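You will see chain A twice below: alongside chain B first, and alongside chain C after that.
Moving on to the complex of A and B:
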């Protein structure tokens, strides 16, 4: 067994692209598989950031609505978002997190999360919400 | 205090990775409350603790004007992808900021410009800077919020 101790990996053909051998003969790509930003938020009371990477601020935009602003911009608004949510509020553990695509579509520097009660589809502030960004940086 | 490497020309993402590794997050209790629409509740801007650490440290963040330039590009009807990302990475980073200066930077970056440029035009202010303890924490209050017309403005 050997250990690779290294500070920077750089592609040889293209500095910004490193292939990783995937299943069978497929090549996957290291850069495309890394999250470019992530955040863990508390949306109840006065909203707060628990921890994050590549975020400048969050903004409480109304019940269940939070704008998240990115520090190192993405190349456009066509990145992929994923997330989850949960809450301690009694009788309200069935919440879900989504992203606004119509009223506040993602831009290279901002996306909006929406948390809703799954039972009656009303917006809900939740104790835990998480989001990750995958895509290309500017 | 740890010294910031010379970051000019280093991708902003890489600088943020260095900051995440080396700086303690700073939980500011300053909040920015602003109104953007007659029928909407007031909005509350909360600074990110890791970003605040970068702002206080200095030598990491690009000038806010770099973000404005990219925003202008993105507002063009034929915008497809950013081609001037180098403005974030190659511009001389700004030096250390006080907490108040960091919030000012954040307002200019993340609050819509039509709010902060005209925050005190009109019959009452559209934006105030306050501390968390001054904010009502319950949603019953917040969804009915408007900035108090008798608020004492802080210069």
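Moving on to the complex of A and C:
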């Protein structure tokens, strides 16, 4: 067994690219494989960040609408977002989490989550919602 | 057991020592996590509402507009099996609606098929289709 104690990893040929041997014989890429931001939020009452990585702040943009500001910017708005929502606490109905893209498309610094009740298609504030960002940092 | 202590390491490729496919990384607390298992193996963002466009991606050789509301993703480096984890999300529709469900239809080691489905049971193209895959590379 060997141990490497280190603070920073940098690519040699390209500073921003390090290959990692995957589970089989193929390589994957360290930088591309790392989540660039994630967040757990409480959207009820005064909205709050439960925990996060590379997130500066969130803002309440209306019922079910939250703007999430990224700390270290992405290179553009073409990153991959995913997320999930807890149930609507008033009736335990299912709530879907999507990303509001027509009026507020993702940018290098911000994306907007939208949580909407499945049964009646109404925006809802939820106690648990989550989002993850994969893509290229600036 | 050997230990290397340094501040910055510059390298092109990281391979496990005891097992080429497994590297432990100290987590945020005292427990270790696994580098290979923690890296996402593919991500993508596709705009499917207007002209079909693969906006950005990792480990995708191509994404194709299979039919309305359906996108097929093709991995560059295949997954080891079909038991990987895939999450998807997409943005609001042109009319601002978000009552649609992103669904995964079929998954293969070389391709995964991502379907978007509106609540009235019609397939529908959407903006900002995002997918993220974690699991074992071949």
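Here is the rule we go by: the second predicted complex is superposed on the first by the 131 of 138 C-alpha atoms of A that agree within 3 Å, B and C clash if a C-alpha of one lies under 4 Å from a C-alpha of the other, contacts with A are read in each partner's own complex, and residues count from 1 in each chain.
The criterion applied here is as follows: a contact is a pair of C-beta atoms (placed from the backbone, for glycine too) under 8 Å apart; a residue touches a chain by one contact, two chains touch by 3 or more.
Only a predicted model underlies this, so the values are computations on that prediction, with no experimental measurement involved.
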item: Simultaneous placement of chain C and chain B on chain A, clash or fit; value: fit
item: Computed vertex angle (chain A) for partners chain B and chain C, CA, steps of 10°; value: 150
item: Which superposed partner A:49 touches (first chain B, second chain C, both, neither); value: first
item: Contacts of A:20 with chain B and chain C, given as first, second, both or neither; value: second
item: Superposition-derived comparison: chain B or chain C, residues of chain A touched; value: C
item: A:28 touches, of chain B and chain C: first, second, both or neither?; value: second
item: Chain B versus chain C as contact partner of A:72, first or second or both or neither; value: first
item: Minimum Cα separation, chain C to chain B, after superposition on A (Å); value: 8
item: Common ground on chain A, meaning residues reached by chain C in one complex and by chain B in the other; value: 76, 136
item: Partner chain B, residues of chain A touching it in the complex; value: 36, 39, 45-49, 51-63, 67, 69, 71-73, 75-77, 107-110, 125, 136-138
item: Chain A-touching residues of chain B, taken from the complex the two chains share; value: 11-13, 16-17, 20, 25, 27, 31, 40-41, 43-51, 54, 61, 67, 70-71, 74, 79-82, 85, 88, 106, 109-110, 132, 135, 137-139, 142-143
item: List of chain A residues in touch with chain C within their complex; value: 1-13, 15, 17-30, 32-35, 76, 78-83, 96-103, 105-106, 114, 116, 118, 121, 132, 134-136
item: In the complex with chain A, residue positions of chain C that touch it; value: 1-18, 20-21, 23, 35-41, 43-45, 55-59, 77-78, 80, 87-94, 96-101, 119, 127-128, 130-132, 136-138
